[in-house]
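Multiple structures are listed underneath, in structure tokens.
Each of the next two complexes has subunit A plus one more chain, namely subunit B in the first and subunit C in the second.
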Partner chain A sequence: MKITRKDFLRLSGLGLLALAGRKAVRALSGWSFAQTSASAAKPIRWGMAFDLGKCRHKDGCNRCIQACHSTHNVPQFADRAHEIKWIWKEPFQNVFPAAQTDYTRDFYGSLPVLLACNHCDDPPCQDVCPVDATWRRDDGVVTIDFHRCIGCRYCMAACPYGSRSFNWQDPRPAIATVNPDFPTRTKGVVEKCNFCEERLAKGQGPACAESCEEKAIVFGDLEQPDSELRQLLRSRFAVQRKPELGTGPSVYYIV
Partner chain B sequence: MSDRPLIVAGLTLFVGLVSTPIWHGALNREAAMAALHIKLPAREKQCVAPASYMRTSHMQLLEHWRNEAVRDGQRQFVAFNGKTYDKDPTRTCLTECHTDRKEFCERCHNYAGVSDPNCWNCHNDSHVASEGNS
Partner chain C sequence: MLMFKNTLTRSRRYWLWIASLLFVILAGSLCYVLQLIHGLVVTGLSRDVSWGLYIAQFTFFVGIAASAVMVVLPYYLHDYQQFGRLTLLGELLAVTAVTMCILFIFVDLGQPSRIFNIVLHPQPQSVMFWDMIALGGYLLMNAVIAAVTLIAQRQHVPVPGWIKPVIILSIPWAISIHTVTAFLYSGLPGRSYWLTAILAPRFLASAFASGPALLILLCLALRKLTGFDAGREAIQKLAVIVTYALAINIFLILAEVFTAFYSEIPAHEEHFEYLFIGLNGDYRLVPWMWLSVLLSWVALALLLVPRWRANIPRLAVACAAIFISIWLDKGLGLIVGGMVPSPLGAVTRYVPTLPESTIVLGIWAVGALMITVFYKITLSIWKEN
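Moving on, here comes the complex of A and B:
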């Protein structure tokens, strides 16, 4: 059979059209599948609220900090330059410098405020990590793979909240009693609050929230309208740290 | 031309010397294996995978465990025999079986000429060590 030039062009055009059609059908069916599966599995976004008023009830209480540190083998270095922080306190005026006036400063300025990683919705620490050692999980927890971290500290520079600490030396000698069920870290990796993801995996809440007798720390799913956390955020006025940066913190402060 | 035997002899000597580690190891294989004295776990007879697989591929298995547990949140391992284990080197490997990493992991690594595993810089073994097997 002889094919003329015109026939050849016509046939190849038809072939290409068929191919494109198949691709389009695939893409469309893939899209609809993704839609249904996403709606089938409800997304989770873990969040937390610190009720500062309740937290102030007991002067000098550090139960949550101790609970976190003993759970996660957080070392205690005397030298502040080597300090490792997961959850800690800073004076109000340093945490919310814009949220005070000459007259409120007297009272509020020096009050302690709890700080930890905000588990940002769009975390800048994740964007800068050159080796994918830190990332936001599907449930909103921003986590670190200590195995993979090369200690470049880009993430520390990127985090606008100072949530991350670097191990300048072997942390083991500075841990009073080691909890065998959580790894210690090693010299040269970065660490921070992990929202107790190892406890979440067992269906438990974070150690800090559990330890607080005043119930000043409320943990829950921000995606679930009737979670305790969402109810609290509906009924009380709450702020985030530096919301103007667009990082979308999952940690709220009831002031 | 008359140098040929010399050259061949020299080359043979050279190759023989350079390959000393290989044929020395091959000849003394049995003796060296016996001298290794790996202490097997007292409590458990079956590892999470067949011993032959573990001997050659435990590093791949551990790496899989690590990635799945840390990255995908899958912390349970279903073994070839249907048993389920936690992907937890401290609890599953050390506490249950290989209670003395120096006598197990490190002895074999030294034997094989590989650097000591650095798992235990972070994963804890102090509680098993202090439970007294030395």
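Moving on, here comes the complex of A and C:
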């Protein structure tokens, strides 16, 4: 197990500060785990792949977006400045600016590409949060505590993918029908795709993947060599967004 | 108690000034109530430009606060006696500036009622945690140093010996506050405008130009309004410090521009393009950024010639030009320029709204009020001596 940026910062921060016991215990147990992990069972790491070819089959299909946004009480604001989105589409050239050439841009540049939070392996959004309101869970899901977030928006500046939205106003009036099984948010907090952690807890897959008739969204355990996701990543060429930043996205694109 | 009595005998002009500041503070507070009720939607901020004027002001005033070290260091480490009185004025300016910084962070929060989460759930891996320690410590140190010095001067006794180590500690601490503030930005992957190792040095250079420039202006104002003279030699020495810092700052900016444009890496170029040329039809910041460049070059020219620098009206013009120039660069361009274009290449317009600008003005007025009262107390003590 490699020492992540987070571990390093946390340990050095501790050394400097001699912070109270809770964190020390947590960091130390993480450390000893690192040394014995060879014998331990591999943890889960949830991941996802978007099959762009399949996604394009049905023109203008937005089923996954609707499924996610209605499941998670995501408000619909008309003005772009204040919109909140967990999963959405952008032109290919904005999502993969470096994968463009002058000759492919005409055709590929404007093709719609799905994007959401990448649930990074070493998420910069977690590093910067001053109150531990957003963190990577042991299963790879990067989650947010809406009740702890102070709305400083440091994580929005830190996320290199533009995955996070902020509640500039009270979201509730802009939710068409509230799903009582998922919390609504207040103004002043950040939110984003949560890999359907609430459905994972019940043994279900994400709402977007379930809703897609083309099976263009494949969800699974990246640590499990024979998972459907891993098989797909073996058989088809896939890329991540901005892998050069070292964030380790768990979302793959089959191009 | 005695100190407050000192502030009581005032002229009409003084009360008019105080009343207008209170009025602006009231207007700012009302706008803040509006923001509390409706959320940050009342500002010009957006999903793409999620930080704006508030955070930029914060950054700028951390610089002003840190710059006190430019009078403290020569006085205490080099025993440069001419700075004796300026040192106290500089420390009081630092106290004021850090208070403003804390207010700017506070009004930027989406959930201000949860601010104590920062203390309840401290996160040493977040630079904001260190910034909080740096700023809090600096505020405390300068407040204690200034208060102890003032009381000693009032009672005609030498300052107690234990304060000396605190003063010495405040010197590297001043450097640290602005360094840590730069690290808030320069450690973020994917924000190419900030992702540069010379961001912290740049911050320090611009701070050591704008802060002492403000101090010179304040001293000149004090001389006009109250007859207090900081001393010709002290002002001139400060002007030399401003000159060096400004030259270094201009040099560092040019080094950035060279790297961005000679390498021609699009991600590095486009932020400069947005600020200085305009991108996707958005030219809003272009005139302001060029004004900033122009003002800093004019100021440098005025300051480089010793004869011109010695001319007080010219020095005042140069200092005002520097203050405005660096405010435009740091209090406006730095944050917005770092956020546009967005990680997805969007060029989103950001125009501060009326409530947002009023809140900013309100915090400026708090700063002006603090400085007025602080300097008034100090001057009346000096007058009595």
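Note that in this section the second predicted complex is superposed on the first by the 214 of 255 C-alpha atoms of A that agree within 3 Å, B and C clash if a C-alpha of one lies under 4 Å from a C-alpha of the other, contacts with A are read in each partner's own complex, and residues count from 1 in each chain.
In this text, contacts are C-beta pairs under 8 Å (C-beta built on N, C-alpha and C of every residue); 3 or more make two chains touch, one makes a residue touch a chain.
No experiment lies behind these values; they were computed from the predicted model shown.
K.L.:
Please work out whether A:245 is in contact with subunit B alone, subunit C alone, both, or neither, and reply first, second, both or neither.
P.N.:
second
K.L.:
After superposition on the shared chain, which partner residues are touched by A:83: those of subunit B (first), subunit C (second), both, or neither?
P.N.:
After superposing on A, A:83 lies in contact with subunit C but is clear of subunit B.
K.L.:
Tell me the contact category for A:111 with respect to subunit B and subunit C: first, second, both or neither.
P.N.:
A:111 sits against neither subunit B nor subunit C.
K.L.:
Just checking: does A:128 make contact with subunit B only, subunit C only, both, or neither of them? Give me first, second, both or neither.
P.N.:
In the superposition, A:128 contacts subunit C only.
K.L.:
On subunit A, which partner's contacts cover more residues, subunit B's or subunit C's?
P.N.:
For subunit A, the partner with the higher number of touched residues is C.
K.L.:
With the two complexes superposed on chain A, say which partner A:157 touches: subunit B (first), subunit C (second), both, or neither.
P.N.:
second
K.L.:
Quick check for you: in the superposed arrangement, does A:166 touch first (subunit B), second (subunit C), both or neither?
P.N.:
Only subunit C is touched by A:166; subunit B is not.
K.L.:
Both subunit B and subunit C touch subunit A; at which residues?
P.N.:
The answer is residues 170, 186 of subunit A.
K.L.:
Can you check the complex and tell me which residues of subunit B touch subunit A?
P.N.:
66, 70-71, 73, 75, 88, 90-91, 95, 118, 121-124, 126-127
K.L.:
Please name which positions on subunit A make contact with subunit C in the complex.
P.N.:
Within the complex, subunit A contacts subunit C at residues 6, 9-10, 13-14, 16-17, 19, 23, 80-84, 90, 93-95, 97, 124, 127-133, 148-154, 156-162, 165-170, 186-190, 242, 245-247.
K.L.:
So in the complex, the part of subunit C that touches subunit A is made up of which residues?
P.N.:
38-41, 45-48, 50-51, 105, 108-112, 114-115, 117-118, 120-129, 132, 184-185, 188-191, 266, 338-339, 342-346, 348
K.L.:
Write out the stretch or stretches of subunit A touching subunit B in their complex.
P.N.:
For subunit A paired with subunit B, touching residues are 73, 137, 143, 145-147, 170, 178-181, 183-186, 201.
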